[in-house]
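Please find the structures below.
Look at the two complexes coming up: chain A is in both, with chain B in one and chain C in the other.
And then the complex of A and B:
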C-alpha cells in the first residue's frame, strides 16, 4: 500500500487518476481506517488531502461559507458564524461519533462514505449545499444530494475528489435544524433522521423550505411534497400534519436490526415536525 | 473457638473507604491485562470460524495454509484429546467444532503464525467443505417435536416429554396446594414474558499467552475469573496432570461471570504444544460476541393469584431457557429464584433447558435470576395496578423474612428484604412527584450467594508488614477488602497490608470468582488466617516474656498479658514480634483452607422513574435508587459500585441489549454499535442505600453484593414503562420500536 500526502489539488487528482488499483482519499479517516482495520478494505493507494492548501479552512464567500474537505466536526462546532448561519448543518456534523472522532471526522468524508444514515448529509441536502469537485479535467460543482448514488457508492469519477462544500447565504429570517432518532443518547447511528431548512416572511409565513430524510431509503431523500406542506403556512398543526404525512409517504425504509419499516415511517414524520418547529423558532430569533 | 460465632460489630477499618490498591496501575497503564504479556519467539493465533448456524463439516483442507511461509501450526478438533462426557468435553466442543458447526462463529480450525497478518492469510487458505443443516435459534421453534436436533445425547430423565430432543432437562421447586391457593384469589393474572439473550459486555476481550514445553509442562497467562478452573479444564482437554500446568490470572477488564470458563486457552495451549513456541491469542470484539458465553434467552409463563388486599395466594411459573448448543444449569437456578422474595403457601416453578444453534451460555451476574424475577415482578406489579394497591405495600405484605420456608426449599435465617423494602418506602424517591409521560417502577431482587473452596495464606514480614496471598482474581475490589479485613483483625493500619492474587502453583485451590463469593469466603478465610497468625504471635510473646502462651491476649495490634496474674509486661506490637521472629522460632504466618458455607442470601429493591416519549417510544431513565442488603459493607465505595454497576447493566438489558439472529441463524449485531450497552449520557446518577443486616455465617456479617443488583432492574424498568404508557409490556428489551408499537396498539 502506498501513502501520499500531496500539497496541491492537481497532484492529488493525478495520483488518484493514475493509480491502477484501489485508491482512497484520506481526510479524517474515521470511516476509511475502520474499514481497513475491520472491514477487509486494502487500498493500493491512500491520498491524504490534509496538506493541500485550503482543505482545512472555513472561508466566507458571497455571504455564505466554503468549508474545506478536511475541516473537522470540532472545527465546525467552534465556528460561530457558520453555526449562526447554518445551525442545523453544524448540529448534524457534531452528532457524528465521539469527542475523539469529532477531532477528525469531516463532512466531505461523511458524504463520500455514502451511508444513507450519515448524519451531516440530510442537513447538507436541506441546506442545498454544493460540493466542489476536483478532477483530471478541472473543477466542477455538484449539489450534495447528487453525490451518493447508493449505499457505499458515489457519482465521483476516477481521479475526482471533493475539495470543499459551499453553504450559500440566506435571509435573516431563515434557519434550519436536524434531528435523528437513536435508541441511545450518543455514540450511535441514525435509525431515521430529518433535516428541515426554511425561510419565513415578516409575518412568520414560510416562503421557502427544503425537507430531507435520512436512513429511510438507499440515499438521503429530498422531499418536495414535505416542503410544499410548509410553504405558505405558519407551521400550524395542519401544516405539520401534512408535513409528517408527506415524509411518511416518501419513506422507503427497510426492516432491519435498527428498526422496523413501521417505526421508521412513524418516527421520520415525528422528527420532521419537530425539526420544522426548531427551525421556525431559530428563524424567528434571527429576524 | 467462641469467636467463630460472634459477629463483630465495632470496627476501626471496616466501613472506611481507603484508596484502591490497583488504581494507579490501572490509570497509568502499568497494570498487565490479558493481551499485555509477550514472550520471546511468540507466535500469534487466529481461529477460523463457521459462517453457518448449523452445518456438517465434510472436510477441512489445511495443506495450502500449512505451506504458507510463517505458519507454524494448524489445529482442528482432531488435535484435541478424546473425551466422552463432562463439562470439559462440552467446553472443548463449544470452542472447536468436531463433526458439525453448531452456531454462527463456532471454531473450525486455528492457526499459529509468526504474525497476525500471516495467521489471517493462512485462515483464508483453509478450505472447509460444509453441508448446511437446518438450524434453530429460538426457544419455541427448538421445542417443537419435529425441530432440527441441535446436539443429541443430552436429554436427562427429568426432561418433559412430547418435545424435541433439544429439550434436555427440567428442575421443579415449590410447595403447597396450588389449586387451593388460586381458589382463594380475588384476581389471577397469567402472562408469558420473554427476555432476549444478552452479553456481559466486558470491555476487555478474552486474551491469553500459552507456552507448552517439550517436557509436557505448561505455562498459561490469561484473563479469567478463575485460574484454577481454567487449569482443570485445560488439563483435562490436553490430557495432562494439573500439576504440569501453571495458570496465572492477569488483571481483568470486566468479567461479570463471562470469564468463568474457557474460550481460547485450550486452543493456544494445543497450538503451542504443536508449534513448540509460546502462542498468544486475543479475541476481537466480533469473536467475543459470537463465540464467548452470552446469557440465556427466556420465555416464562407466570400465573399469580392475589386477594383484594394484596396477599399472594399462589404463584406458578414455567421458565424456558435456551443457552445455546450445550446444556446448562441456569434453568435450575432460575426456577429457584423466581419466587424467592415471597412468603407463599402455594408455589411452584419449573425451569426447562432447551438447546439451540447459539453459543454456549456462560454465567452473567446471578445467572437465571434476572429473567425469572422479571417475569414474576411484572405480574405482581400488574396485579397491584389492577387491584389498585400500592406496589411497595404489597411487597411488604408478602415479603419473605426470617423463618419463611423459601420457594426453593430452605428456611430463611436473618434476611434483609423487609428492611430493604421499608428503606425504599421512607426514601424521598418513593414520594417524589412525576410529570406527564413519567412513571415509577419497582422490583425486588434476590440472589443466593455462594461460598466454596478457598485458600488464603498470610505472612508476617520481618518489618512488621503483612503479605496476603489469595487465589481469586479481583473483579470488584477484593484485594482492598481482603487487606482491610486482615488489618482489622490484626489491629494494624490498612496500608501495612498488601494482598496479591497468586497463580495456581503458589496457593491451595480456590474456586472461581463467582457467586459473589470472594468478599464472603476469601474474607472469612483471611480472618481465620489472621487469627492463626495472631495465635502464633501470642505464643512468641509468651516465649519472649517467659510466661504460658494461654496467658497472652491480642488487642489492637499488640500482644498483652491476659491479666495481672500473667505478670507485668510492656505490650509487644506486631512489628516488634515480627522483628524478633527469627530468634523466637522463625517466620510467622497464618493460613486457612475451607469449603465455606453460610454465604447468606442477599435481597435488593430498586426504584426507577422513567419518561417515555409517546411519539417515538424512547425511554429516558430519570431517577434510579438501589436499596440492597450488604450484610456488612467492608469498603462501601466498592459495594456502591457493585450496586450501581448491576443497575446499569440491568438498564441496558431492559431497554436495548439483545442478541439479534436473522432467519439465516447468523448473529446480526456482533459489535458495540448495534449491541447497545448504555453509555454514560443515557444514565442518571444511580443512588444507593446500603442496608446492613449481618450474615450470621461470616465473622463480620458479610454477604456477597455482586449479583443481586442486576436482578431487579428488568422488572423495575418494565413496570415503570408499562405504567407510563398504560400498556403492560411483556418482552425485553423494550426497544423504541417495540414500545411505540405497544402504544399504537393500545390506541387501536
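And then the complex of A and C:
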C-alpha cells in the first residue's frame, strides 16, 4: 500500500484517478482503518486529504457555512456559529462514536461510508446540504441525499472526492433537530432516526419543512409527505399525527436483532414528532 | 512496502521513525518507540485503551496511521507524570483504587486529562459521557468517575 498526502485538490484527484488498483480517501479514518483491519479492505493507495488547504476549515459563505471535508466532529461541536445556525446537524455529528472518534471522524466520511444508519446524514439531508465534489473533470455540487446509493455505495465516480459540504443560510425563525433511537445512552448505531428542519412565519405557522429518516431503508429517506404534514400547520396534534403516519408509511426497514420492522416503523414516527417539536422550539428561540 | 520517514514530537521531545504506510500510530509507539503505556484493546476504536492526543485532540491511536503524524505534537501517558511527581489524576486514581487490572488505566488518564484541560469543572454526567469510549471491565466505573471528579476539584483549588 502507498500513502500520499497531497497539498492540492488537483493532485489528490489525479492520484485517485490514476491509481490502477483500489484507492481510498483518508480524512478521519475512523471507518476506513477499521475496514482495513477487520473488513478485508486492502487498498493499494490511501490519499490523505488533510494537508489540502481548506479541508479543515469552517468558512462563512452566503450567510451559511462551508464545512471542509476533514473537519472533525469535535471541531464542529466547538463552532458556536455553526451550532447556532444548524443545531440539528451539529447534534447529529456529535452522536457519532466516542470522544476519541469525535477527534477524527468527519461528516464527509460519514456520508461516503454510506451506512444507512449514519447519524449525520439524515440531519444533512434535512438541512438540504450540498456536497462539493472534486474530480478529474473539475468541481461539481451535488445534494447530500444523492451521494449514498446503497449500503456502502456512493454516486462518486473514480477520481472524485468530497472537498466540502455547504449548509445554506436560513431565516431567523427556522431551525432543525435530529433524534435517534439506540438501546443504550451513547456510542451505538441508530436503530432508527429522524431529522427535521423547518421554517416558521411570524405567527408560528410552518412555511417550509424537510423531514428525513435514517436506518429504515437502504439509504436515508427524504419524506415529502411528512414535510407536507407540517407545512401550513402550527405543529398541532393533528399535524404531528399526520407527520408520524407519513414517516411510518415511508419506512422500509429490515428486521434484525437491533429492532423489528414493526418497532422501527413505530419509533420512527415518535422520533420525527419529537424532532419536529424540538426544531419548532429552537426556531421560536431564534426569532 | 517502502518505509516512510516521519518526524514528530512526542511528549515534548522530537522523535523520528521509519514506518510502513499502513502502520498505526499505536503500533509504532509500542513496538518501535517502546512507549507501551497505550494498549491495544480492540484495535477498532471502541475501547479507548490506546488513547493519546495528537495536536491537543484526544484520539484512538489504533485509528491513526503513523504516516499521518508528520509534524504533529503527540502526548501519551508516558508524558503525564513529571519525573517522579505524579499528575493529580494519577494520584487520585491510586487514592480511590480506581483501577484493578490496569489495562484501561493509561487511556482513561489521558482522556480524563484532555477533559479537564477543556472543562476544569465537569459534572459527573459530563465525565461519564466524555469517558464513554474508555471501557473498563473491572471496576464498574464508579471509582474512576470519583477519582476524576476529585482530581478536578483538587486541580481547581491548586
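Everything that follows uses one rule, which is that the second predicted complex is superposed on the first by the 287 of 287 C-alpha atoms of A that agree within 3 Å, B and C clash if a C-alpha of one lies under 4 Å from a C-alpha of the other, contacts with A are read in each partner's own complex, and residues count from 1 in each chain.
One rule holds in what follows: a contact is a pair of C-beta atoms (placed from the backbone, for glycine too) under 8 Å apart; a residue touches a chain by one contact, two chains touch by 3 or more.
Treat the numbers as computed from the prediction; the structure is a model and nothing was measured.
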*Is A:97 touching the first partner chain B, the second partner chain C, both, or neither of them?*
second
_Going by the contact rule set out at the top, does A:270 touch chain B (first), chain C (second), both, or neither?_
first
_Partner chain in contact with A:187 - chain B first, chain C second, else both or neither_ = both
*Touch check for A:262: first (chain B), second (chain C), both, or neither?*
first
*Considering only touches as defined above, state whether A:63 meets chain B (first), chain C (second), both or neither.*
neither
*Name the contact category of A:20: first (chain B only), second (chain C only), both, or neither.*
neither
*In the three-chain superposition, say which chain, chain B or chain C, touches more residues of chain A.*
C
*Identify the partner contact of A:46: answer first if only chain B is touched, second if only chain C is, both if each is, neither if none is.*
second
_Shared contact residues on chain A - chain B and chain C_ = 38, 185-187
*In the complex of these two chains, what residues of chain A are touching chain C?*
1-3, 5, 26, 29-30, 33-34, 36-38, 46, 48, 50, 72, 74, 97-101, 103-104, 185-187
*How about chain A: which of its residues touch chain B in the complex?*
38, 181, 183-189, 191, 256-260, 262-263, 266-267, 270
*Contact set on chain B toward chain A in their complex*: 284, 615-618, 655-656, 660, 668-669, 673-674, 676, 678-679, 681-682, 735-737, 740-741, 744
*In the complex of these two chains, what residues of chain C are touching chain A?*
1-2, 4, 21-22, 24, 43-46, 48, 51, 54, 57-60, 62-65, 67-68, 70, 111, 114-115, 129-134
